[in-house]
Amino acid sequence: MSVVTSTLSDQARTVVGNALQGALVDLVDLSLVAKQVHWNVVGPRFRSVHLQLDEVVAVARQHADTVAERASAIGVTPDGRSATVAKTSGISEAPDGWVKDGDVVRTMVDALGAVIGRMRERIAATDEPDPVSQDILIGLTADLEKHHWMFQAEAH
Amino acid sequence: MSVVTSTLSDQARTVVGNALQGALVDLVDLSLVAKQVHWNVVGPRFRSVHLQLDEVVAVARQHADTVAERASAIGVTPDGRSATVAKTSGISEAPDGWVKDGDVVRTMVDALGAVIGRMRERIAATDEPDPVSQDILIGLTADLEKHHWMFQAEAH
Amino acid sequence: MSVVTSTLSDQARTVVGNALQGALVDLVDLSLVAKQVHWNVVGPRFRSVHLQLDEVVAVARQHADTVAERASAIGVTPDGRSATVAKTSGISEAPDGWVKDGDVVRTMVDALGAVIGRMRERIAATDEPDPVSQDILIGLTADLEKHHWMFQAEAH
Amino acid sequence: MSVVTSTLSDQARTVVGNALQGALVDLVDLSLVAKQVHWNVVGPRFRSVHLQLDEVVAVARQHADTVAERASAIGVTPDGRSATVAKTSGISEAPDGWVKDGDVVRTMVDALGAVIGRMRERIAATDEPDPVSQDILIGLTADLEKHHWMFQAEAH
Amino acid sequence: MSVVTSTLSDQARTVVGNALQGALVDLVDLSLVAKQVHWNVVGPRFRSVHLQLDEVVAVARQHADTVAERASAIGVTPDGRSATVAKTSGISEAPDGWVKDGDVVRTMVDALGAVIGRMRERIAATDEPDPVSQDILIGLTADLEKHHWMFQAEAH
Amino acid sequence: MSVVTSTLSDQARTVVGNALQGALVDLVDLSLVAKQVHWNVVGPRFRSVHLQLDEVVAVARQHADTVAERASAIGVTPDGRSATVAKTSGISEAPDGWVKDGDVVRTMVDALGAVIGRMRERIAATDEPDPVSQDILIGLTADLEKHHWMFQAEAH
Amino acid sequence: MSVVTSTLSDQARTVVGNALQGALVDLVDLSLVAKQVHWNVVGPRFRSVHLQLDEVVAVARQHADTVAERASAIGVTPDGRSATVAKTSGISEAPDGWVKDGDVVRTMVDALGAVIGRMRERIAATDEPDPVSQDILIGLTADLEKHHWMFQAEAH
Amino acid sequence: MSVVTSTLSDQARTVVGNALQGALVDLVDLSLVAKQVHWNVVGPRFRSVHLQLDEVVAVARQHADTVAERASAIGVTPDGRSATVAKTSGISEAPDGWVKDGDVVRTMVDALGAVIGRMRERIAATDEPDPVSQDILIGLTADLEKHHWMFQAEAH
Amino acid sequence: MSVVTSTLSDQARTVVGNALQGALVDLVDLSLVAKQVHWNVVGPRFRSVHLQLDEVVAVARQHADTVAERASAIGVTPDGRSATVAKTSGISEAPDGWVKDGDVVRTMVDALGAVIGRMRERIAATDEPDPVSQDILIGLTADLEKHHWMFQAEAH
Amino acid sequence: MSVVTSTLSDQARTVVGNALQGALVDLVDLSLVAKQVHWNVVGPRFRSVHLQLDEVVAVARQHADTVAERASAIGVTPDGRSATVAKTSGISEAPDGWVKDGDVVRTMVDALGAVIGRMRERIAATDEPDPVSQDILIGLTADLEKHHWMFQAEAH
Amino acid sequence: MSVVTSTLSDQARTVVGNALQGALVDLVDLSLVAKQVHWNVVGPRFRSVHLQLDEVVAVARQHADTVAERASAIGVTPDGRSATVAKTSGISEAPDGWVKDGDVVRTMVDALGAVIGRMRERIAATDEPDPVSQDILIGLTADLEKHHWMFQAEAH
Amino acid sequence: MSVVTSTLSDQARTVVGNALQGALVDLVDLSLVAKQVHWNVVGPRFRSVHLQLDEVVAVARQHADTVAERASAIGVTPDGRSATVAKTSGISEAPDGWVKDGDVVRTMVDALGAVIGRMRERIAATDEPDPVSQDILIGLTADLEKHHWMFQAEAH
C-alpha cells in the first residue's frame, strides 16, 4: 500500500528512512533504560539521580515521537514495537535489580555515548539526501550531548 | 542486596511482586503498541484515532510508573527493560507497516481486552496479601476498561 | 445490539448495572436540586449557601459522568434522561419559589442523606461482583458524606 | 414573599419571566439529552461525536445558569427541577440504549432545531418589555445556532 | 481641539455622550462606595460581605473603563475626576465609620437600585442614536441587576 | 446542495448573508493590511506601532472567524479566498515597502474608518431580518471603533 | 462603637491613623487622576503613555487597599468616599478634556511628586509609634518613586 | 452536643473514629518532624534532603486534613492540638539541633516505618465497619510507603 | 558542632535567636489551633469561618517557615517539634470537640491577640541587634494584625 | 529609503529575499485556503477536519510572520497584501461553496504538496547565501510535511 | 544633565547612591560567578549544585535590577558595565576550568559572605538618609543570608 | 583534569571551543550593555526602549547559557567571568550616565551589529567540524538579527 508520497527520490528515502528507524529504536530503548534505573537506583544520590533520569525519559520520548512521525512524513513506516527495540537497539541491556547510584551514572554515560555515536553517523548520512530530517537529528543530538555531559560531570 | 523492607510477609511479597511485575510489563507494552499504531494508522478516521491513541499512551505510561514504584516500595525490583517486555508481555505483537483505522481499533480492543483479563486476576490475587497494591490495580483497571469501552463503541 | 463486552458474568453485570443506574439518577437529580436552591435561596446567608451549592453541583456532575461511563464500560447502557430522573430519583422534590437559607440547608441535609443511604447499599451490593465499580462508588460516597457533614454543621 | 424588586412593570415581568422560564427548561433538558447520547453513542465516529456533545453540554449548562439567575434578578423564581423539565421541555425524548453515531447527529439536529425555534419567539417577545433579558437570549441563540450548523454539516 | 471623529451626527453624539458620561460617574462612585463599606463593615457576616463587595468593585471598575473608552471612541472626552464624581454621582453618600453588615447590604441595595434606574433611562435614550453604545449599557446593566438581586436576596 | 437550514426567510437570509460576506472580506483584508504595515513600519515609534498592529490583527482574525461561521450557521457559504478579498475589500491597498510610523497611523485610521462606515450600514440592514447576526456586528464594531479612536489619538 | 482594639496607645493611634487616612486619600485620587489621563491622552506617544498609566492605577489601587485595611486593623475607620477624596487630596486637579502626551507626563510627575513628599512625612511620623504601619508606607513609597523616576525620564 | 449523624452503628463509629484520630495525630507529627529536620539538616546532601522533606510535609498535611474531615463526616470530633500530638504520636521525638544528612534519612525511615505499621493495623480494623474510611487509609498508606522506599533507597 | 556563621555578635545572636524561636513556636501552634477549629466548627457561619481559618493556617505556616530558616541563617537551630510547641506556645489550648462558630471567632481573636502582643515585643528587641530579622517580624505582624482585625469585625 | 543593513552581499540578498517573499505569499495563502475550507466543510468527518484545519492555519500564520520578519531583518521589505497574495500564490484557488470532507482532504493534500515543492527549492537556493534564512525554511518545511502526511493518511 | 530629582538632600543622595552602586556591582558579579561555576562544576553532587546555583543567579539578577532602578529613582545613574564590575566587585575571582563540587560550595560560601558583609555596612549607612533604600537592602540581605546558610550547611 | 569526552577530534574541538567561548563573552556583555542602558535611558521614548532592552537581555542570557553548556558538552570549559568579559568582548563600552533614547538605539544597533558580524564568522568556522554547535549559533544569530532590524527600524 503506497500511502504517503514525498519529494525525496527512492534512494534518498531509503537512506533517510534507515537513519530515522535507527534513531527511533535507540530513543525508545533509551527511555526504557532510563526508566529501569529510575525505578531501581539506590544510594545516597538516589533522589538527584531519580529525578535526572526522568528528564532523560522526557527528552527521549519527545524525540522518539518526532523521529517516528518524520519517518511517516517521508513515507516510511516506523517500527517501535518491543521486539524490534529489543533486537536492534544500540544500547547494552541495563543491569538487573537494585543499582547503586554511581553505577547508574556510568550506565547512562555509556548508553548516551552509544546513541550519540550512532546519531553522529546519521547526521552525516542525511546531509545530502534530506536536510529537513538532518535538522531534526542535529537538534536531538544537541539534547543528548547535554545530558551526556551532565552524567559525565557527575562521574568525577 | 536487601534494600527496601516492608510489612508484608515473604509469601505475600512474592505474590504481590509477581502481580506488579506482570502489570508493569503489560502497561509498558501497551504504551509501545499504542504508539506504534499512533504512527502508522491510515484511513478517514486517522486524526481521531491518532489522538485517541496518545491518551492511551499517557494512561499506560502513568500507571506503569505507579506500578513499578509500588514494586520498589514493597522491596521487589521491577523489570521494564525492552527484552523483558518483548518476552513476557500479554499483548500480541502489533501489525507491521501502515494499518487501516478500523484495524487499529480492533488491535486496541484486543490489546486492552488481554491486559484487562490479566489485571482482573491480579486484583483477585492481591486482595488478601496487600490491599494497598490491590487498590492501585483496581484504579488502573477502571481506566483501562474505560478505554476498552470507547474502542469497542467505535467498532460498531 | 450487543456492543460492549465485559469480563463480568451476566448476573454480576445485572447487579452492578442496577447499582450504577441508580447512582446515576440520584446524582443527576442531586445536581438539579442543588441548582434549584442555588437560584432560589434568600436570607442573610445567601452568598455563602449560594456558593456552597455550586460545589455540590460540580461534585454531583463529575461523579454522574464517571458512573454513567462506568456503566457503558461494563456493557450496560446508562439512562439519565429527564423523565427517568423525575420518576426514579431517591430525592424528595425541592420546594417551589424562594427558599430561606436555613430551609435550603435542611433540604440539602435530607437530599444528601437519602442519596448516601442508597449509595451505602450499592457499595455492599457490588463488593463481590465488581470491586472496580465498588471502588468508584466508595470514592463518591466519601465526597457526598463530606458535603453532608458540612451542611449538618451549618444546621447547628 | 415578595423578595426581589425590579424596574419592570408587572406585565413586562410576566412576559419576560415566561420567556426565561421556558428557556431554562429547554436548556436544562438540552444538557441532559446531550449527556445521554454522549454516554450511549456507538459507531466509527464515536470519539468525535462524544467530544462534540460535551461542548453542547457546557454551553447549555452555562446559559441555563445565566437565564435562571436573570429570572431571579427580575424577581421571578426559576424552576429547573427534574419533574418540571420532564413535563415542559420542548425537546423530544432521547432514544433509549445504544445509539448509532449518525442517529445521534440527527437527534441533536432536531433537539437544537426545536430549542432555537422557541428561542426566536422569546427574542421577539422580550424586545419591548426588557432589552436586557433579550440581549441574553440573543447571545445564547447565536451559540445554539452555531452548534446546529455543525451537526447539520455532519449530517451531509 | 477636534481629535476623534465619529460616524454619529452631532446631535446623536451629544445624547450618547451624556449617557456615557453619566454612566461613568455612577460606576466610579459605585466602586468607591463599595470599597468604603468593604473596609468598614462589621458583624457576623463580615467576611461574606467583605468578599462580595470586592466583586462589585471589580465589575464597576471594568465597566467604568469600557464606558469611558467608548466615550473617547465617539469623540467625547470622559470626566472621571474625584470632584466631578463627588458632585454628579447618582448614589447617596455612604455612611461614615464602622457599618453593621445588615446596613451594608441595604446601602448596596439602594446604591445599585439608583444606578440601575438611571442606566435603564440611558438604554432607552441611546437606542436610536447609537446601538453600539446601547449594547454596552445593556451588558453592564445585566451585571448590575445580578448584583442587585444578590444583595436583595441577602436582605431577607 | 442545500446543507444548512435556518429559521430565516429566504429574503432575510439574502440580506443578512450579504452583510456577513461583506464583513468577512473587510475583516480578512484588515488583518492583512495590519500585518503588512506591522512588518514594514519604520521610525521612532516602531516598537509601539508594531505591537499595536498585532492587536488589530488578533481582533480582525477573531471577528472574521465569528462572522464566517455565522454565515454558515444561517446557511450561506462564506468566501474568504485571497482573490475574493483582493477584489471586494472596502480598504484601499496598503503602501508598498518601508512605511514611516506616522504614515502607518494614518493608514490605519483610514482603513478602520472605511470598515466602520460599512459595518454601520450592515448593522442597520440586519436589524429587522436577524437580531442575532446584528448583535455580532454591533459587538465587533465596538472593537473596531476602539482601535479607530486609539490610532486617531496617536495622530495628534 | 469601639470595634477593633490595638496594642497601640491612643496617642500613637491618632498619629498613625492620620498618616494612613492621608495616604489613602492620596492613593485613591492618584488612581482617579491616572485613569482620567489614561482615557484622555492624545499625541504620538498615546499608546505608551496609555499603558504606563494603567500600571500606576494598579499600584495605587493595591496600596490604597493595603493602607485602608491597615487603618481598620489598628482600629481607625478609613474614609475613601468621593467627597472626602475631592476635598482632602494632595494632588492638583487633572486637566479637562483631551491632554497632549507631554502634558500627561508632566501631570504625572507633579502628582507623584506631591504624593511622595507627603508620604516621606508620614514615614517620619510613624517611625516611633508603629513600625508596622511605617513599613507599609516605606514599601509603597518605593513603588511611587520608581514611577516618578520613569515619568521624569520621559520628560527629558 | 450531637451534631453530625452517620449511617454507621455506634460500635463501628467508635472503631473507625479511633483509627482516624490515631492517623490524624501520626500525620500531624510526621509533618512537624519532617519540618524540624528540613530546617536543621546539614551535610553534602543538604539541598536534596531539604527539598525531599518538604514533599513529605505536603503529603502529611494533605492527608491529615482529609483524615480529620473524614472523622467529622462520621460524627467524631478530631483532635489535632499540639498537646494531643505531643502525647499520643507514634513517632519518636526528632533529634535536637543540627542533624547530619545521613541521620536525617535514618530519622525519616524510622518515622515513616512507625506510622506505616500503625496505618496497616488501621486498614485492617476499618475493613468491616467502614470501607469508605478504609479506602482513605489505603490511599495515604500508598503515599507513605512510597516515601519510605525513597528514604530507604537513599540509606544504601 | 558550629555549622553556620553570621556577622552578628554572640550577644546579638542570642537575643535574635530567642525572638525567632519564640515566633516559630507561636506560629506553629497558631496553625494547629486554626486547623483544630477549622475541623470542629459548627453553626450557621460554618462555611465562612471554615474557609477563613484555612487562610490563617496558610499565613502561619508560611511565616513559620521563614522564621525557622531565618534562625538557621544566623546560626541558631530552630525547634518546632510537637513537645516544644506544646510546652512553650503563647496560645491557650483550643477547646475540645465541636465549637460554635461564635466561639471559634472569639478563640481566634484571643489567639491572634496573644501572638501579636509577643511579636510586638520581639520587634522591639531585635531593632538594634538585627534589622534583617526585625523586618521579617514586622512583615508577619502586619499579616497577623490584618487577620486579628477581621475576626474582631466578625465578633460585632 | 535604505533602512536596514545586513552582512549579506547584494546578490545574496536578492536570492534570499526572493525565497522569503515567495514563502510569505504561499504561507499567507495557505492560511486563507485552510480557513476557507474550515468554514465550508460538510460531511461525517466535519468536526475532525474542521479542527485539523485550524492547526494548519495556526502553523501557516506563525511561519508567515517569521518569514516576513526575516525578510525585514535582512533589509528586504516583505509584501503580504491581498492583491499580491492573489496574484503570486503557488496554491490553486480553493473550491467555492460547501465542500465535502473528502474533497477538503484532497484540497489540502494538493495545497500542501504545492507549497512544499517550492519550499524545497528555496532551501536549496538559500544554502549558500544565508544559512540563517535556510534554517528557518527547513524548520517550517518539516511542519508542512508533517501536516501533508496527516492529510495523506486520511485520504486512504 | 540633571534628569531625575529627589526629596533627598545632596549629601544623603551621595551616601545612598554609593551604597546602591556598590550593591549593584556586587550583585552583578555574584550572578556572573554563580553562572561560571554553574557551567563548570563536576563531581557527584553536580546536579544538585548546578540547580542551586541557578537560584542564586535568579536572586542576584532580580535584586541587581531593583537596586539599579532605585539608584535611578533617587537621581543617581547606576553603572553595571563589565569593566566596572571587573574593577570594583567585592568578590574574589572564581576559579578557572572545571571545579569540583566541594570547591564550588566553598567558593559560594566565600562569595556570599563577602557580599553580605558589605551589605550590612550599606544597611547601617542608609538608615538615616533614606529608609526606603535601606528597606530594599534589608530585603535582599535576607535572601543572600538564606543562600549563605544553605551553602554553609552543605559544607558540613 | 580530563572530564568530559566528545566524539569531536582535538582539532575540531579547538575550533568549536573557540567559537563558543567567543560567543559566550559577546552574549554576556550584550546582556550587561543592554541592562546598563535599560537603567539609564531618558527621553520621550523611555518606556518603549526600556521594555525593548529587557527583551534583548532575556535573549542574550538564554543564548549565553545554551552556548556555555554546549562548550561543556564538547569538553571545553567556558569562561564567563567579569574580567574575561571586560577584556575580550567584541562590544564597545556603553556610555556612562544618563543616555538619550536616540543614543540608546544607536548604541544597540552598533552592539548588535558587532556581535552579529562575529557570529557569522563562527557559523562559517563550525560548519565542517561540528554541525550541532553550528545549528545553535545559527539559531541565536537569527534572534540577534531580528533585534538588530528592530533597533534599525527605530533609528529612521
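Per-chain residue numbering starts at 1, and chain names A, B, C, D, E, F, G, H, I, J, K and L are given in the order in which the chains are listed.
By our rule, a residue touches a chain if its C-beta (ideal position, glycine included) is under 8 Å from a C-beta of that chain, and two chains touch if they have at least 3 such contacts.
No experiment lies behind these values; they were computed from the predicted model shown.
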item	value
Chain labels contacting chain B and also chain G	none
Rigid-body rotation angle, chain J and chain F, from Cα fit (steps of 5°)	180
Comparison of C-H and K-L by number of C-beta pairs in contact, larger one	K-L
Mean-CA-position distance for chain J and chain G (Å)	52
Whole-Å gap between the CA centroids of chain D and chain H	49
Distance from chain K to chain A - Cα centre to Cα centre, in angstrom	42
Interface hub residues of chain D, defined as touching at least two other chains	1, 3, 42, 45, 48, 69, 72, 98, 135, 153, 156
Those chain pairs that satisfy the touch definition	A-B, A-H, A-J, A-K, A-L, B-C, B-D, B-H, B-J, C-D, C-E, C-H, C-I, D-E, D-F, D-J, E-F, E-G, E-I, F-G, F-J, F-L, G-I, G-K, G-L, H-I, H-K, I-K, J-L, K-L
Touching residues (chain side chain H, partner chain C) in the complex	1, 3-7, 69-70, 72-75, 131-132, 135-136
Chain B contact footprint on chain D (complex, rising order)	41-48, 50, 98, 100
List of chain H residues in touch with chain B within their complex	113, 116-117, 120, 123, 127, 134-135, 138-139, 141-142, 145-146, 148-149, 152-153, 156
Chain K contact footprint on chain L (complex, rising order)	1, 3, 28-29, 32-33, 35-36, 39-40, 42, 64-65, 68-69, 71-72, 77-83, 85-87, 89, 93-94, 96-98
Chain E contact footprint on chain I (complex, rising order)	45, 48-49, 51-52, 102, 150, 153-154, 156
